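There's a structure below that I have some questions on.
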């Protein structure tokens, strides 16, 4: 299945892109990432137009990238500016992708650059705000993008997959409210008077009962932002402890994804031990998800007909996201 | 190639099915096996109808199986009886397979349960009779089901693949008689005045020359029973030593099988050393077959046209079995 | 993609073929190689016509090959001469390939034997001439045959992939002359007054500046001969040091090749240390090529449309070779 090309995907954390040529597959495309000497990030198709040799195996000569198979040389726009040692300057152009770098993350638009619309990128300014602290990273996931989307848009799974960290019975037991715009699927879950899960007890030092808010926004095809707030029961929301989790859901190759994450908090900003604790817990949670989704992927990939799919109210946000992705995919297929 | 679904396949030895959810692929289907608290074995499709998550990763709550992704709960008939922590009880049904448990083996009918006909299962009562003793197990085989069928229906291969255990020149040198009914392909090979192969010399303490009978019955798609009798030459058959070998030929995933075996004898019932000796030898023989069939599978899978297939008289039973399987497969394809 | 069948491919070095049955895949076909007792090399399809079991797993009984599954026996022409222990002698014939053995190499024609034309094999008599010495071998390559052809027909890559051994700037900087006949694509590159690359400095003891000739002849589908001459600048070519490199470009399975090589020199014939040095360097060069071509293969295999291919003058020989191979392939497809 061809992945959606016209949309922003998280491609890399800023520190992953530098003067070393780096390959990462994005939505089915091999991409070569690097920075120009002025720091501008560049992403080009990782196939030399000469003989499709990976440009990542080449070298940077100032701002010119030289292919290491036969010496084709490209400037930062992807235009061929000569062939090393030879007189020819063929009219060749390597596909260059639109990038946006904001708040420590590099975003890519794999499709038509002229359609790239920066306004579609949600506000992520907390990522490098002094009011927030946290950590980030990326895990490989051998499951199709849609399974990760649906995982995040139905957090009732926390009750079952993550019972020792962030999930407890209250999550699945509390219905969500769903709202949708043209570009965003949102849900909110407001748990009242519940026991705080271990991760939050440790992070925030709260005593149960607490109130817990989960507010999720999915910007198709690949951005999910979760706002988590906890507070002693009865406190109004704005006074609670606040965490923001960004997930970048980026298809890599057929049936696989990059699972980018950034976890931020607005409290105990200087507590490095807490950052370390949260990072360890986050990775444990994500590995539970990776194991689950990879097992699910095999069942989805091998499914032939069989029983009709069953859905319940807690699937509403995920189903809307699925339909939005289907529409985007159909529109791209129609345009080809 | 779609495997035959309407037929009995050996799914598990009774002790393999218990209160732990266990996955096994049967004829292209992922199946979750377990027992209800009253001991009844259950087999359901290992895909939750909610989001196709493997049910084997869930847990048993009494006789209710709860999916560990979002809490769908199923009773022993596969009917959804609720979703943990949630109010919805969706009308969902997981596919449940017909099982029969007899004499220590669990048999599955992957196809239409209403077509399941227990009378098609041959008599296997010796498996737990006090007149017989033996051992059983299962090996994985990375070769298509048909290659295993043909291996067992042409035992002339014992001469070449198993010369140090059960085969000698007499096997290939002795023609078979073949008979066929609607449901069974049978052959018999009666070797007279031959040298006893090492396995039988050790097992039975016979002195050559001996007479040896091999009587095989194949019940398509997946049951093969071999009756082996040896006796001093001139003795009438009923007085000979008798062994029965059951093979369960169960397709798993594309191009692979489960190779179930149960080897029984009606002599030296209390001789545990002999059981151990025979088990070790049986595994050695089966590993020779596994190596051979996996090498053959590669050649069959990559074959394009080439020389026409050649057959001789000793192939008669295998060819009839092949045609019977082709008819069953064609009938199922026509019914879809 | 079906490989070209009607053409000579290097199948083995003579010492690789003996009385041990040996399997090698050639242009998509599994081939069983052995020698008759009089030393004649034989190549037959490695599938018994009975049940497609690999004949390589069988055994030689004099000049008769006996299949180890059910005892089919074949003479040196591939004709079935009986079945061990059985009375039948089926009319079966295993596909036998045309072979030519010359100068220490065994060549195979996988296609129609009646079309095999020995005159298409170029003169390789230096391989076992007393005027030459050298070494040979074979490496596996997980890249399609065409990539290896194009690699060898555009040696400008030496400048970039092999800068520490045989390549320097002069190679890419010097244009080639290309000529073509019905059956051969030839190029010549004459470098004048250049620095000698390290491999040649060590091999020949030359002092820069030198003149260097690279004359390549490609005989589609699978033979490439490179004549390398170096001499002090100003010397006429015939007095130079001369090396001949034969490459056998033999497709094995889909997307993979055998990369045969034989490197010969007409100087320092008794210098075993030099042979060892050159062999080590040759393998280092070839491993650089293997790494490059395997990386390129992934990009070619996953490429969908994308930027149009760009070519320059140094591609001329490779482009002609590509078209010649396309014509051969199309002719075979039309004939089927």
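Per-chain residue numbering starts at 1, and chain names A, B and C are given in the order in which the chains are listed.
Criterion: a contact is a pair of C-beta atoms (placed from the backbone, for glycine too) under 8 Å apart; a residue touches a chain by one contact, two chains touch by 3 or more.
Note that the coordinates shown come from a computational prediction; the quantities given were computed from them, not determined experimentally.
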Proportion of interface numbers common to subunit A and subunit B (over half same, under half different): different
Magnitude of the superposing rotation for subunit B and subunit C (Cα, nearest 5°): 120
Centroid distance [mean C-alpha coordinates] between subunit B and subunit A, Å: 47
In subunit C, residues with contacts to at least two other chains: none
Subunit C residues within the subunit B interface of the complex: 28, 30, 45-47, 49-54, 57, 67-72, 80, 83-86, 88, 90-95
Partner subunit A, residues of subunit C touching it in the complex: 150, 154, 156-157, 159-161, 169, 171-173, 292, 295-296, 298-300, 302-303, 306-315
